[in-house]
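Quick one: the structure is below, questions incoming.
We call the chains A, B, C, D, E and F, going by the order they appear; numbering starts again at 1 in every chain.
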Amino acid sequence: MPYVSIRVAGTLTREQKAQIASEVTETIHRVANKPKENIMIMIDELSRENIAKEGKLLDGK
Amino acid sequence: MPYVSIRVAGTLTREQKAQIASEVTETIHRVANKPKENIMIMIDELSRENIAKEGKLLDGK
Amino acid sequence: MPYVSIRVAGTLTREQKAQIASEVTETIHRVANKPKENIMIMIDELSRENIAKEGKLLDGK
Amino acid sequence: MPYVSIRVAGTLTREQKAQIASEVTETIHRVANKPKENIMIMIDELSRENIAKEGKLLDGK
Amino acid sequence: MPYVSIRVAGTLTREQKAQIASEVTETIHRVANKPKENIMIMIDELSRENIAKEGKLLDGK
Amino acid sequence: MPYVSIRVAGTLTREQKAQIASEVTETIHRVANKPKENIMIMIDELSRENIAKEGKLLDGK
């Protein structure tokens, strides 16, 4: 029953999300021996104004 | 101080959210003996394009 | 594909976890029309030293 | 590599987010001896309709 | 600044964790054009008593 | 009703946790105008074997 949460700054295209979901599922299935049908992935696309690194928001203002 | 995060594909009506919040709070209060006023619930409604099961996005394209 | 994360202070018995899982799944299934087999619940039991309310750790020291 | 997730009801201004990110990073750096460049903060602003306390949604309807 | 949280039932060997971390980082880097040094992955290994599917705990008792 | 999740590699002393909880609560209260009694903080201390940066586990083996 693996659950994967992926959180990125900015947006991804549908194609990027599909590709990431497919590959990450494949990796966990193959490496950890988890059935694919039990792997759930959720992707959050956050505004750069809502993420900070080193104490500074990523929108670079 | 229970914290509950509920993440679903697609949207819920306000009524559905209110009912879920009420019932889940009641369950945790009754079963785990936690005071209701300390139970916090957050609901995330994700686009089906942002959730994958079995390696495929839920929007079914 | 609902995913539910429940985080509590202290420990729960297996019976409490089973009861909460059963009831929360039932609620989401009935209220939000989600198939039960797609509902995943994860429970985290945190030490009271690792949770704070009002700026104070719950272990009350 | 600290990761901090902050979830609030309603919206924050960019200034509030920048100030929170700066201060929280500073706190973790100083108190826990973590290099600032490794501290990542993500802020979620949820609708009051999607948060419940004591079993009631925060939008107060 | 992608953040990835992976939650599984049961334990993984160090080798499995290292392989998953390496491949998932590679996927996100290649597909989403994110610098590898900004990708953080956290893995939670939960007891089967703390995960439920279809309303039943995974420990199968 | 702010909820804050702080996840770090390795362990913190009780004193460090208390200080972080106190300061982060103070910051959110002052900057975002949230009542202190509504601010909940949860701290997860992860093994360095369970966190990766740049595709490599932090335990440095």
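For the reader, a short list of remarks on this structure follows.
Throughout what follows, contacts are C-beta pairs under 8 Å (C-beta built on N, C-alpha and C of every residue); 3 or more make two chains touch, one makes a residue touch a chain.
Everything quoted here is computed from the prediction, not taken from an experiment.
Separation of chain B from chain E in touch steps, taking the shortest path, is 2. Legend: contact pairs of B-D compared by residue number with A-D, A-C or B-F; the interface matching in over half of them is A-D.
Homomeric contact chain A/chain D: same residue numbering on both sides for under half of the interface positions. One simple way to say how far apart two chains are is to compare their mean CA positions; for chain A and chain F this gives 21 Å. One finds 11 Å separating the Cα centroids of chain D and chain F.
Contact of a single residue of chain B with at least two other chains is seen at positions 1, 3, 7, 40, 42, 51, 53.
Taken chain by chain, the contacts fit none of the simple shapes, being neither an open path, a ring, a star, nor a full set of pairwise contacts. Two chains count as a pair here when they touch; such pairs are A-B, A-C, A-D, A-E, B-C, B-D, B-F, C-E, C-F, D-E, D-F, E-F. Note for the complex: chain B touches chain C at residues 1-9, 12, 16, 19-20, 23-24, 27-28, 31-32, 34, 38, 51, 53, 58. Across the interface of their complex, chain E is touched by residues 14, 17-18, 21-22, 25-26, 29, 36-37, 39-45 of chain C. Taken in their complex, chain B has these residues touching chain A: 7, 46, 49-57, 59, 61. Per the touch definition, chain A reaches chain C in the complex via residues 1, 3, 40, 42.
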